[in-house]
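Have a look at these structures, which come just after this line.
Below are two complexes that have subunit A in common, paired first with subunit B and then with subunit C.
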Partner chain A sequence: MILLIILLIPFVASLLLLLVKHAETVKKLALVSSVLNLLLTFYLLFSGSSTGVATQSYVFAGSQFSLGYDGVSLVMILLTNLLFPFIILAGFNREQKQPQILYALILFAQSALIGVFLAQNAFLFYIFWELSLIPVYFILLLWGGENRRAITLKFFIYTLAGSLFLLFGIIFLYQLTPGLHTTDFAVINQLVIPESTQIWLFWILFIAFAIKMPVFPFHTWQPSTYTMASTQGVMILAGVMTKMGIYGALRFLFPIIPLGVLFWQNTVIILSLIVVIYASVIAFRQANLKKLIAFSSMAHISLMAAAMFVLNYYSIQGVLFQVISHGVTIVALFYLVHIIEEKTGTLELSQMGGIKLIAPRLAILMLIVVLGSIALPLTAGFVGEFLMITGLFQQSVWFAAIGGITMILGAVYMLYAYQRVMLGETRADYKPITDLGLLDYCILIPLILILLGLGVYPQPIFNLVETAVVAMQNFLLPIANVATSFAN
Partner chain B sequence: MNAIIFTTILGIVLLYLGLAHNKKILAPAAILGLLITLVLSIKDWNIGSDYFHDMVIFDNFSIAFNVSMIIITILIFLFGIDYYKRMEHHVAEQYSLMIFALIGAFLMTSFSNLIMLFLGIEILSIPLYILAGGKKSSYRSNEASFKYFMLGSFATAFFLFGIALVYGASATFYLPEIKVYISQFNGNLPPMLLIGLLFILIGVAFKVAAAPFHFWSPDVYEGSPTLVTAFMATVVKTAGFAAFFRLLGMGLLPLPVPLEKALWVMTGLSLLIGNIGAMKQGNFKRLLAYSSIAHSGFLMLAMLSQHGSSVSVLLYYTFVYSLATIPLFIIFILVKRASNGEEQIADFRGLYQQKPWLAVFITILLVSLAGIPPTAGFMAKYQVFVLSISHGYLGISIFAILMAIVGVYYYFYVVREVFTESDHLETIVVTKLNAALIIACGLAVIVFGIFTWNLPI
Partner chain C sequence: MVGAITFINLAWLVPVFPLLGFLIIGFSGKGLMHNMAGIIGSSTILLSFLYTATLFFVMKSSGQDSATITLFNWIAIGSMNIPFAFLIDHLSLTMMLVITGVGTLIHIYSIGYMHHDERVNTFFAQMNLFTFSMLLLVMGANYLVLFIGWEGVGLCSYLLIGFWFKNPAYNYAARKAFIINRIGDLGFILGIILLFFTFKTVTFSEVFAQAASFPTGTTVITLITILLLVGAVGKSAQIPLFTWLPDAMAGPTPVSALIHAATMVTAGIYMIARSSILYNLAPITLNIIIGIGLATALMAAIIGLKQNDIKKVLAYSTVSQLGYMFLALGLGAYSTAVFHVTTHAFFKALLFLGAGSVIHAMGGEQDIMKMGGLKSKMPITYWTFLAATLAISGIPPFSGFFSKDLILNKAFEHNIILYILALGGALITCFYMFRLLYLVFFGEQRLTNAHPHESPQAMTIPLIVLAVLSVFGGFLNVPSLFGGNSNFGSFLQSATTSLSMEEMSHSTETILILVSLALLGLVIYFAYSTFVTRSSVPKADSEPMSFFGKVVYNKFYIDEIYDALFEKPLGFLSDFFFNKVENAVLDPAVDGIGTLTARFGTLVRKLQQGNMSFYLFAMVAGILLFIIFILII
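Presenting the complex of A and B:
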């Protein structure tokens, strides 16, 4: 029952918000709903069965509506419910048009995202997958920045194109199931699909996830969309929606078409690593701070994609850990970008400088987050990236080497950006800048504590994903052995 | 049968009511009459009946489609109350012509004989030729009427020629006998029969606006009075596909290879031309015309993939398509009135600023046409793809999916206009009845999407 409650709280709250008149009340209500959901998630995690797998089916209007979770879903749910209170907080004390509709859409998106991560049925998964897109589309279209009309349309078509191929794949799997057809993951996972089919089916399914992540060559929607989006919109996009791609790949590709994955493994790793380098280099050359962060996010996600396809214990553990750490880091980063833009009135790096002298606390907090983003030891980013690169190393030294370069490149462009924003002479044309307010601390301090806490003591997340990682590995090992023995 | 007789009388009565010069009683009378027809039709459920030496067979198939078309016509008439308020003369004729067309549609769902099919198509078409020219003083409306009539006659000629050729070969009009006759050739049909059958299919394809016989539809949709366009896009399409399905099932299956190829080409072309054509339209009615061609492509995909189990899909698809299309036309009329008769998509600008609820509902309707969950349009497309993929038509399914992506583009182009701010806002007046109907259709589209999603699974 608790799964259904977690799914429905944001949905019901979003409907209620539409009836509320006063803007501040709307925001408070939204915050209450999301915090409630976070508490329920913690209850779910600590209620004992958290490491196991559970499925709960509800018969709803005659149709099977089955929700459930395993370690992977729990990580995603935790991330979603952890980030949404901060995403909502980011709008406090700020003038926003039509807050009722904005917060209703945000909560609706949260509900749909939770649905994606809980669905135990590919069809249900698809419904939620699409549902999550619609509120985000409107958040971008109505509250976005410059040139939003063209960019949102591109974003929408791009992601929907991927989804429709996913739909094709789901229907294809559906009609392969024996007897009375079904799309339950439990049944689909048992399917034995010939290798030649798996090889083409891989791309049909993978495109949707590749676009969401995004992986080369499906990434072209991302930088402009991130740059144009409102802060809350980009937090949802970068913090949570990119993880949908990773979750989808773990849910669909590895259990259902392992042979296809093995066949394309190296191709995907190489494509992802190309993006890692490419995005890092572009990030270094960016003149716009928000775009720089967008490209850095692209590099990090691509590294996760590469590691995911290595298919060994360390890499999958690392990816799941990095899901949380990247989500938290990127939300904090985008919030910082938002503060800087508010205070200086610009995002162009060439017009910034010397903020440290006027706002030292902002500079310190930003430094911590930036260091977390470049995966310095003692931050959560380090744990994740270290595990992923260990995983890559087991596949090939070269992969690990290229993966390792990203950490260096990351340090280069992030520190270079930090230097240009914070250090140096203070620009004369700034309005008097105040340092951080109470609200900013409320958002940044918890996020930073999570980053540092998980960096020092990552065990809780490892415990959470342990069974899932082992299960994933067991699923792939026999097939991998068969494949290698054939090759020999 | 009672339904047909009653509807015929209803049409004539409405004509005479027009003499009373009281517009107000027309719509209620017509709607009441259609409700009675609805009851009469439903009463025949599960009681198969045939008339005129099996020339007309009323089975559950025809009743289901008839009921669907009656409901849609009632919906159009309800919207008509407001639409015809501004028209001074000949309102009664409008209603009765639509009812006469509906009778043709009834025949098209229940024929078992080529002559009956021909009669059905003609009874449906002739009132439409007149209705298309309903705005006598409008240049465009006259053009639409004349174009529709010319091309329609042309298609009818093909159709009749085809019937003659088939009769010449098989010496019968009766479809089950034609089926037996065809089956004796084991697929190697004599040229005369083959050409005859092809011409018959072309005649029907013209009515459902399947490419490459679609050229009339954008012009006619654009020029006709908008309510008539809504009627054409929905009732005529439903009737056309019912006839198509019945023609194939009763007479032509298993399809001879050349015909099957021809139909697959039509499917592919409809998907391609419909979707690509809609992309660059500035006129909203033309956009919906191309979108209707595209939907014909999806319906043909379902019908050709697996004929036997596509009945419910066709019914569901045409019904929810109509449910979404009619309110779109109505909203368009309201917006058009506010912007002094312009028919551009850009007229939708500022709708969200002015009437947010209307913007929400137009979005729901467009989302349904684009086939995105949780709307009924998604379930319809999903079922089409289940049919086509599970019977191994993977190539064309992928092609259809690509075309569906193009579809999302032009539907969301309209959504984008709706949510774009505009500097000069004109007041959009929505009567209470229209508002209620638009909301009801929008909600129905969602309810049908959620509560039938267990159908195929």
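Presenting the complex of A and C:
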């Protein structure tokens, strides 16, 4: 029952918001709803049975509407419900047009995302997957920045194209199921699909996820979309929606078509590692702060993609840990970018400098988040990256070495950006800048505490996903045998 | 006895004191009264020092060689179990004493030195964080906790080198330090991972216990030691990753003292000494270390000959001395390397703080050509600086003599050529140090508008204490030739396993000492006659130099070479990827698919213009095709 409540709270709240007139009330109501959902999530996590798979089924409108979770879903739900209160807070005290519609869309997106992560049925998954696209599309289109029409259209077509492949894949799986056809994961996961089929089916299913993450060469929508999007829009995109791709891959690919995964494993790892370097190198010379962070996020997500396809215990633990770590870091980073843009009126690095002199607290908080993003030990980023690189190492030393180059390149471009924004002499052409306000602390301090807390004591997240990761290993066990037989 | 055990188990307090100092100073911001930050900052380190010193005696009296203190499980998944634990043994105790002892003096000195700086609170907060990180580094009971401190000192050096952040050149130096360290760190972390897969643990005691069963020269051990070495080369500023250290003098002078003497650069030496059991199994790696150490010692010494910035001379001397420590490590003489770390910490801290005193007095001037004649105006600074100069030059009975002589002896036992080169480096060191001393303190004052004066007591007292340590520090480890029994070396025996070597005969040892002393005397005489008797001042930068002089003056153009090899290509590649690949190929390709679809749409639309007869035709044709298809199948 609690799953249904978690799913419906944002949805109902989003409908209610449309009836509210006063702008501030709208935001407060949205915040209350998201905080309530976060509390319920904590209740779900601490109520005991949180590590095992527990499917709850609801028959809804004649079709199978079943919700459930395992450790992987829980991490995703935790991420979503953890970030949305901050995403909503980011709009407080700020003039926004049509807040009723904006916050209704944000909450609707939250609801759809939760649906994606809870669905126990491939078709239901698909419906939520598509539903999540609609509010984000409008948030981008109506509240976005320069050139938003063309960019949003590209984003929309891109993801829709991916979804069509996914739909085709699901239908294909549906007709493979025995007896009364179904798209329940429980049934699909048991399908025995010939390897030759798995090899082409892999791409049909993977493209949708690859676009969402995004993985090379399906990434070209991302930098311009991130740069154009409103702060709240980009927080949803980078913080949560990128993880839909990772979740989808874990849910669809590994249990259903393990042989296809094994066949394409090295291709995907190499493609992803290429982007790790490619995006990091590009980030180094970006003139626009938001775009620089967009490319840095691309590099980080690609490292997660590479680690995920290594398919071993440490890498998957690392990826799931990094899901939280990256989500929190990137939301904090984009919020900082937002403050900086408000204060200086620009995102161009060449126009910035010396903000530390007038806003030292902003500088300190930004430095901590930057250090988290370059994976300094005792931040969450380090734990995730260390495990992922350990996983990559188990596959190949070279994978680990190339993936590890992010440690160096990340420091190169992030510290460069930090220096350009914060250090040096203050530029004379700023309007009077004030340091952080109460609202900024309310957003940044908790996010930073999460980053540091999980960096010092990461165990809760490990425990959360342990059973699921072991279960995933069991799915992969048959292919591990295949792998050895290939070697022979 | 119970009290002793409790005391040992509370040793985690040692790093916690400076951490608390960092938090208190950091969070109170501008609310602190004047000088309060300095007092809090210094007293926390002093507390750590007192605790460590007591710990030393408690461990000694309870006869315990080592103790492990586990706080909690940091990362525990699958078969990976990495506790957040500290290891207290003779090696970590030695390092802790050096860090907190010299650290306290540097902090007290800073109260005087940073008196006028408006961001003095930030300064002390970061200095405390630096000490905390370094303590974590030497106290960690496994490689990953060590790595926290390892990266932590990297961060703190970044913060403190770029302390005066208005200056872009300083910011650049700070970033350079961090990034070059990160290059080393990548090697280090890969080494740790390989270590984990080899031994299924990263805890020192467990790794070393298992390593005993590996035969010498095992490939995987060689690989591990090389990867760890990459980290040490970055942190301890060896060829090819040394270029950050000379630039690191951009920070306030006490920072240089802390980086060069007590913390940071000694980390690499410590780590290799800690891993002595692994390195003993990898003779190839040991040879690489000898090569790197010797090359660094010589190159940095040669560069030091031509530098005119007082801090830069000292910076290159650090690089050079670290080279000697590496040489000792490569020779398997780990405790000798740690001994040189200790004496070097005394005299190098003293040299930097003395230089700070000089700079302070000269109103910020750092060019030694503009100094001179400070001997009478700053007697305490002069006499302490002289003690440090004698120590670093290896003149008996100053501390540097005992440690350097031990390294030279080991080199001699290994290979006579090694000895000659190492001795040559020592002579060059002696020359540029006396050149510095004479130019700064002797002759006439060359800068007319400065009014040098002795520094305040907060600065001179640490100088005096360090001078005492620099003079007598060598007696910690008196060799048998002088009737001692190498206490320092035997103290470290339980924690590091040095490769055994034949004991050199006393007559050979005496001859070697006499030879080197005679040569050192000549060098000092030569320096005296050049810079004092003939009072020749080095040429100004603008005057033409010989080709070799120019190459040395420009530090062998290594910064320029790195710039051309790495920085420029990275920028070029970045532009190429963004402009030529991303925006000219990939993005248009996707747009192209879109355009193609639109064109196809236009084409198809032409078929649908409401022409009934065409529709009818199409329908019949379709049905026919369908029937044919069915029939054929």
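Keep this in mind: the second predicted complex is superposed on the first by the 486 of 488 C-alpha atoms of A that agree within 3 Å, B and C clash if a C-alpha of one lies under 4 Å from a C-alpha of the other, contacts with A are read in each partner's own complex, and residues count from 1 in each chain.
In the analysis below, a residue touches a chain if its C-beta (ideal position, glycine included) is under 8 Å from a C-beta of that chain, and two chains touch if they have at least 3 such contacts.
What you see is a predicted model, and the numbers here were worked out from it, not measured in a lab.
Per the definitions stated earlier, placing subunit B and subunit C onto a shared subunit A by superposition produces a clash between them.
Using the contact criterion defined above for the overlaid structures, shared-chain residue A:Arg149 touches subunit B, although it does not reach subunit C.
Of the two partner chains placed around the shared chain by superposition, subunit B and subunit C are both touched by A:Ile157.
When the two complexes are overlaid, the chain among subunit B and subunit C that reaches more residues of subunit A is C.
Touch criterion not met for A:Val32: it reaches neither subunit B nor subunit C.
After overlaying the two complexes on the shared chain, residue contacts for A:Phe172 are found with subunit B alone; subunit C is out of touch. Touch criterion met: A:His181 reaches subunit B, while subunit C stays clear of it.
Of the two partner chains placed by the overlay, neither subunit B nor subunit C lies in contact with A:Ile274. In the superposition on chain A, contact is made by A:Ile127 with subunit B only, not with subunit C. In the superposition on chain A, the residues of subunit A contacted by subunit B and by subunit C overlap at 157.
Looking at the complex, you find that subunit A touches subunit C at residues 154, 157-158, 217, 220-221, 223, 278, 281-286, 313-314, 317, 354, 356-357, 371, 376-378, 383, 386-387, 389-390, 393-394, 397, 400-401, 404-405, 407-408, 411-412, 415-416, 419, 422-425, 456-459, 462, 466.
Those residues of subunit A that touch subunit B in the complex are listed here as 61-64, 123, 126-127, 130-131, 134, 138, 141-142, 149, 152-153, 156-157, 160-161, 164-165, 167-168, 171-172, 174-175, 181-183. Listing the residues of subunit C that touch subunit A in their complex gives 72-78, 80, 144, 147-148, 151-152, 155, 158, 162, 165-168, 171, 175, 178-179, 182-183, 185-186, 189-190, 193-194, 196-197, 570-571, 573-575, 577-578, 581-582, 586-587, 589-591, 594.
For subunit B in complex with subunit A, the touching residues are 367, 372-374, 378, 382, 385-386, 389-390, 394, 397-398, 401, 404-405, 408-409, 412-413, 416, 419-420, 450-451, 453-454, 456-457.
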